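Can you keep this structure in mind? I'll have questions shortly.
As written, the chains take the letters A, B, C, D, E, F and G, and residue 1 is the first residue of each chain.
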Amino acid sequence: MIYYITSILLVLIGMYAVLVKKNLIKIVIGLSIVDNGIHLLLIAIGYVKNGTAPIFSKAGLQPNQMVDPVPQALVLTAIVIGLAVTAVALSLIIRLYDHHKTLNINKIRKLKW
Amino acid sequence: MNSIEYILFITFIGAGLTFIVHHALPKLRDTLAILVSALDLYFVIQAISEKSKVVLSIADFHLIWKTTPYNNLFAVLIAVLGFLTILYAHDFMSSKDRLGYFYMNFLFALGGMYGIVYSQDFISLFFFWEIMTWASFLLVIYCCKDAQPIGLKYFVFSAIGAYSLLIAIVMLYSLSGNLELTNLISNFSNFSVSNQLIVVTLLLLGFGVKSAIMPLHVWAPGAYFISPSPFTALFSGALSKMGIFGIGLVLFKFAAQSGYFSYVQIILAWIGGITALLATFYAIFQTDAKKLLAYSSIGQLGYIIIGLAIGTPLSIASALFLTILHAAFKAMLFMATGAVYFRTGTTDMNSVSGLIRKMPFSFITALFGIITVSGVPPLGGFAAKWMLYESLIQSRHYFLVIVVFAASTAAFLYLYRFIFSLFLGQEEKEWEDVKEAPLLMVIPMLILSAFVLVVGVFPGLILDPISQSMNYLGNFNFNYETSVLFNEWGNQVDMQTVVNTIGAVFLIVGLIITFKGFKKTRYVSTKDIHTSGEIPQENENLTYAVDFYKPFERAIAPILKSSIDKIYTGIANNLEQAFDYLRYVYTGNGQTYAMYVVFFLSLLILFAELIFGINL
Amino acid sequence: MSPVHFIAVPLFAAFLIPLIGKVSKELVKIIPGIVLLYLSYLSISLFPIGVNRPIVEIIAGFNPPFGITLYYGPIAAFLTTLITLVGFVIWLYSYKFIIREPTEKYYMLFMMLITGSTGIVLTGDIFNLFVFFEITSIAAYSLTAFLRDRDGAEAAFKYLLIGSFASTFFLLAIAIIYANIHTLNLADIASKIKDIPLTTRLFILILIIIGLGIESEMFPLNGWAPDAYSQAPSPVGAVFGGIVVKAAIYSLMRIIFLMFHTADVLHFLVVMGVITLLIAEMSAMKQQQIKRMLAFSSIGQMGLVIIAFGVGTEPSVRAAMFQMFNHALIKSLLFFAAGYLVFHSGSKKISALDGLGHDKPITSFFFAFGALAIIGLPPFSGFWSKLYILLSVADAGLMVPVVLILISSIIEAVYYLRVVSRLYFYKEEATDVRRTPVSGLVAMGILTVVILIVGFYPNLILHWMTPAANDLLDKAAYIKFGLFH
Amino acid sequence: MIYIYAAFIILAVFFAVLRGLLGPTTSDRVVALDNLTTISTAGLVLLGFVFQRFIYIDVSLIYGVLSFVGVLTIARYLEGGL
Amino acid sequence: MRKVIAILLLIIIGYYSIDTILKIPFGEGVKGVGKHYLESTIKETGAVNSVTAIVVSYRGFDTLGEVTVLFLAATGLGAILYDKKGKKRSLQNASLIVKTSSKIIYPLIALLGAYVFVHGHLTPGGGFQGGAIIATGVLLMFISYRSFETNHKALSIIESLAGMTFVTIGFAGLIYGTSFLQNILPFGIPGELFSAGIIPLIYVAVGFKVGAELTALLDNLLKTIK
Amino acid sequence: MILNILGNVLITIGVIFLFLGALGIFRMPDVYSRMQAGTKATTLGALSTVIGVGILQPEWFWKTLLIAIFIAISNPISSHALARGSHKIGIKPFMKKEGLDSYENVSIEEEK
Amino acid sequence: MSRFIFSFGIFFLIWLGFTSSFHYQEVIVGAFLSLILAFLSYKSFTERGLFYLNPKRLFYIIKYLAVFTIALVKANFDVARRVINPKLPINPGIVTYHTSLKSDTAKMFLANSITLTPGTLTVDVIDDKLYIHWIDVISEDPETIYNEIGKDFEEILKEIFR
């Protein structure tokens, strides 16, 4: 339960950063926090009370003792995707800083109207 | 292939070819265009006897093209005028460039018109309507940078017209599931009254724009003025008649089935009347011959609309008669003006004068033209106008009679000014070397002059096909021999004798005046004038033509001030302003865009059940 | 011969390109062309089969809903064909247009973008859809900034910012769906969606509308679009307008028609479409830059498509897809022509185009042609699709949208004509001697010919639209085939 | 027994986190973080023992390695070495 | 102002999200496809790690996409930061201690990475994790040596070959089996290293690929700092 | 049995030192002394805990040993790097007597 | 060659530690991977290779480990003392320690060992000087510093790296 709420709170905190912080890096951090919130949510969805990792690494482990492996697999993918997006975002920030000499998003709006 | 297919095929392929030929063999280009229009004329006439019909399946629609008496009337008009104007264009345009573009669009416009008149379904009608509109638009903007805003105005109004047509078409489709004319006509009475009214209004609006009825006329003066003269002749003579063609169709094939037909008639008739009157007033104050003719065109179409709207056999006949005559005389006038332009490089009535001796054929054409316009015997205009008065009186639209009469009288003022400014008055040094226009320009003018003369003498030539097309439009039994005019006079005297006599008198009087004018013409400077006490300024041009109707203009200045044009401009500016505010939502700040997303999300969340319903 | 080639072959090519690049730079440029030719061949040969009966391709040998499947039905057949066709032309155009290094990376990104879009179109699994969406998006972000100029980076960053929101919401929707019904297969979800409580379903719907609406350029989610379209290299603008957004709209509509097919939702789409259309067209009116104008025009067209989908009848869906087809071709043509016009005039501004019609007659002609076609002037193909949309919208009794569509059409015509008249009627002297490369002209020529042919024989395309429309509308069939193996 | 271990670990985490929150300098926070990672590495091994899952040892090892490089990177960043 | 609006909107979204999500039962047994996977992982894939079985087998297509995403990011960065090459990585040297130890630890981290991706079907690891660990090793070298250069050519060749291997394995399934990415190798004895059919193969490819790509990413990002 | 006890004893010592390390970090006056406390105590704590587990669970021993070795090598390195970094950004060590910072000038010199 | 074999051996040992298994498959794969890795990195991994396997050096290595362990335990009790009773007298400062070790690896071990022994923390190593944060500076005399802080380690390390 608390995981659900925490994950949504993480999403909201991240979004707040994206919506309000002026620094591009902070915005990207905000995006990452959002991502993490969603990942946590996925993991929480797969959680089973007293469940263990879904790996049959020794005899006697029963499927019903395990957590749902699907969300974990999905999170793995989602993490990689989040990483890729963050990397691209950072490279764009490097470019933006080169051209604008600032990281303030309010000052980077040559394209408008 | 039958004639209709030939016509469309030849015209459109020809249009493309002229463009290509222009780049490959420029010398053949004009010949090709003339050939195309001549072939068109041949096949149009062929089609009349052939009773051609084409059914073509495209997308999910059947495109149907066929000949009806009504179609043929307009097709012949287009073909004749098209042929003559292209002939005229050969010399007129010889010094211009981008002629491939010019001829291609010219032929496209022609093809579009043929398509429109032969169409028996709304898809092809709209299809060709668009082609015609675009081709004419491209010709309006042909000349120069100055033409662009004018072209844009023409375009916007055309688009409004075309799209109201389209809305009507789309409605018809949704009401009856297909767009074939015969089908729609037979289904029309099943539609609800409001649907009927909406459809008819939209159709009239659409066609009305093209025929420049007030208050949708504002595109016309500029567009007529700026387009090259050969095309102006076609534009005003034939292209604007596509509106009339459509209005006739709408009124008698559709609106007549509606219970509210009489209201439609009255409103339309009054719009026609106002158009006629106001346009005439505007025409009076123009200093440019072409603009004058442009307003005159608008006014004349007003008469035609009245005639159609009144809806009695006689009035319809008069309207159709006027349609044909207007095509002829307006083409003549534009051609004559074009000839003047061709030699002098201007159509400004204040700077050109006294060309009568230099350009006699052009003068004759212009003279025949204005005689026809003003409805003076012996030329066709007389009979047509008379029929209109007669029908108005018969149907007790006395007030409209007054309006039409006033407009006609006023028309005389500007027509007089037109011919006087250009051809009469002093001969100026400046235009000493001016010669008559080349033969290929004169021939079409003379052909048309001969035509109006012949029609004046033998109106039956025209009234026969008109009565046939009226039979097609509805059960209008119009027999010109039984009409009041011909009846009352014809019973007593030999009709032709009367007309001829009156005509002969007028002709003689006219010629006397003219030649008298000839003799009295002296070479004087425009400044050589007695001005009771006033000292003329250096740069003041004091030909008679200047401020010709100044007092009159003062009198109706208020009307001019509240020009509809200005209202439109105001609306357009306000709209643009509004658009301008709208695009400020794109602030350029990525964070703001993100905020929009979140805002939209919250909005959807808050009103989720309201928006998406509870039976998701 | 399997639909998976549409995804795997361009991907393989993307992986291959760096290796080839070690050998020959020229070969790198040719490979995407070969791939796209092959895919075109594939789409032509698979098309009749897929239209007849959907091919449900199993991946990794696990039956649905346990494994991922590809669903190659009529729509997928149509869209993959469209993507490969447009992709091929874009490649042709890029051949000489993309001269800025690293060209190798350009083609890699381009190939992966093709992979992503065909993946979006083909996949039968919602999470897989998410993955392909991300592939497409990240490729798009990178391509937007490909020129490495100031504005490109800005546009790409905004795109990324909003795009990340899209993926977040979409992923959240997937998470909630999985949490409730424990499946990710689209057909399976469609058959079980009613098991989810109403309020949750509403939330899922909203999240999906936001998530996929962003890439579908729905107002007010489209702030990124004008920037990205206008700052990306011109062929990439064509990629966005011709490929990416089409795939995005398709996925949005597929999900809505599978899971949330109710009158209210459809009405919502119509309203959003109309708003999108009007605001975009009005914004386009005042643009100073030609590509930005094209961008707004694209958004407007998407609004039109959304309206048509929203009407939700068979004719309207058919019309929507026809419009997508036309828009993909025509907008590509416009972006191509604009690309060289900008190149020749040396400025992105519309005011710099004066007289180019005389200097660069062929390129200008293509632009003018495209402009007339997109306005919907007969006999170009755009006329038919617009007409069909109007007819179908009116047929559904929605006269107000009809009127608004036409008003927007007038606005659209006006701003296109402004550009065209600048090309031809403002200045007459020739100034520039650079030439438009043949490959670019051929690319534009192909599009022009196709637009004309389709204009005269709309049935060539329309014929296939009816099964495609039914594919979208017939949820039961999708479930039946999607879960069948 | 396990509870005693858990109690100590939790207390350790508590104080380290407290220092992380209090700062006052960035270095202090990083020191706290470094500490936390070591505690976690050991904690994961312990957890593996408690759950009797060998795989946790793998996790611990990898976690230790990654966190080491992470802290080192931050340290280098602090001194302007990046 | 922006803050207030943001907070208000986020409260709305948060409230509704939490409201919706709390309707999801928490911690109850696995259902649906997840249950199927748990019950038949060993039987159907030969892997003992269900997550890996899902990642590489059941949803192997996602993983191909995921590999693509990383490749895409590396490519994208290469394009976006193209002409940044040649700049010094850092201003200051690392200390002798860090430098010396890095040299020793770096190959060990690489070995750990290899261990992780080779055992992806047996342990919580996998290609991505292993690749990431290898890249971490490279990161250690990057931060320790100002002028540490990766062999770009080799990296790019590894990326390409690994990616092509993955797709080729996919096609092999299509050619020798019935579908793309289908397992065509024997499962072996569950729990042994040589088991689970194509999973380890794919994970080795992924490991190399991810290692090379993340290295390229780091290289690109770090290079740009003066 | 003996192994069992030994293991548990080691773990107990381990967690206690882990706790002490954390407490030290919390209580020490400046960043350098915090590092001192932290590094030493947590290193030993972790080593002891990990090896304790290895003893309790003999088949895990080798791996736990690896972890222990790694911790023993890596912890002082990261502490050193942090100390150096802190000094470079100008965090002065807490001193009772002035001039006890022989690294101060070195640090500045190198930057020049 | 010596360096290569040494690297391979270490890697293989560590691999075995990782897998904790002598299953033939693991051994084969491990050997293979170690071989590749050793080939790629033996140059940077070790400066001297099998040199360390000399029995005398092995003896010193073990001795070193013992000394180190004792120092570490002492250090921890020192820490415990200070943590529990922060009022204990301290006199922190950074002192310079001169080492005669030449090998970088040796210096690294020395520095790390010093860090883990009571009251000291290596801040930096520059040439033959170690800068050490000393929590209780007894004396600033280089001789005292050497004896107090690193003598035990340094002498053994000298033997190992001789």
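Criterion: a residue touches a chain if its C-beta (ideal position, glycine included) is under 8 Å from a C-beta of that chain, and two chains touch if they have at least 3 such contacts.
The structure presented is a predicted model; accordingly, all values stated were derived computationally and were not measured.
Asks: Between C-E and E-F, which chain pair is linked by more C-beta pairs in contact?
Replies: Ranking C-E and E-F by C-beta contacts puts C-E first.
Asks: Let me check something: if the centre of a chain is the mean of its CA atoms, which chain is farthest from chain B?
Replies: The most distant chain relative to chain B turns out to be G.
Asks: Could you please state the distance in Å, as a whole number, between where the Cα atoms of chain A are centred and where those of chain E are centred?
Replies: Roughly 15 Å separates the two chain centres.
Asks: Just curious, how far off is chain G from chain C if you go by their C-alpha centres, in Å?
Replies: Between these chains, centre-to-centre, one finds 61 Å.
Asks: When the C-alpha atoms of chain B and chain C are each averaged to a single point, how far apart are the two points in Å?
Replies: The answer is 43 Å.
Asks: Could you grab the centroid distance between chain A and chain B? Build each centroid from C-alpha atoms only and quote it in angstrom.
Replies: 68
Asks: Listing for chain E: what residues touch at least two other chains?
Replies: 2, 6, 10, 13, 16-17, 21, 24, 30, 33-35, 37, 59, 62, 65-66, 69, 72-73, 76-77, 80, 92, 94-95, 97-98, 101, 112, 123-124
Asks: Where does chain F touch two or more other chains at once, residue-wise?
Replies: In chain F, the residues touching two or more other chains are 21, 23, 35, 43, 59-60, 63, 66, 73-75, 77, 79-81, 84, 88.
Asks: Residues of chain G touching 2+ other chains?
Replies: In chain G, residues 14, 18, 111-112, 122, 124, 126 touch at least two other chains, as defined above.
Asks: Which positions of chain E touch chain G when the two form their complex?
Replies: 95-97, 99-101, 103-104, 106-108, 110-112, 114-115, 118-119, 192-194
Asks: Could you pull out which chain E residues touch chain A in their complex?
Replies: 2-3, 6-7, 10, 13-14, 17-18, 21-22, 24, 26-30, 33-35, 37-39, 41-42, 48-51, 53-55, 59, 62-63, 65-66, 69-70, 72-73, 76-77, 80-81, 84, 122-124, 126, 128, 190-191, 217, 220-221, 224
Asks: Okay, in this complex, where on chain F does chain G touch?
Replies: 17, 20-21, 23-24, 27-30, 32-33, 35-37, 39-41, 43-44, 59-63, 65-66, 72-73, 75-77, 79-80, 83-84, 87, 93-97, 100-104, 106-107, 110
Asks: Show me the residue ranges of chain A that touch chain C in the complex, using the header's touch definition.
Replies: 11, 18, 24, 27, 31, 34-35, 38, 41-42, 45, 70-71, 74, 77-78, 81, 84-85, 88-89, 92-93, 95-96, 99-100, 108-111, 113
Asks: Flag every residue of chain B that touches chain E in the complex, lowest number first.
Replies: The contact residues of chain B facing chain E are 591, 595, 598-599, 601-602, 605-606.
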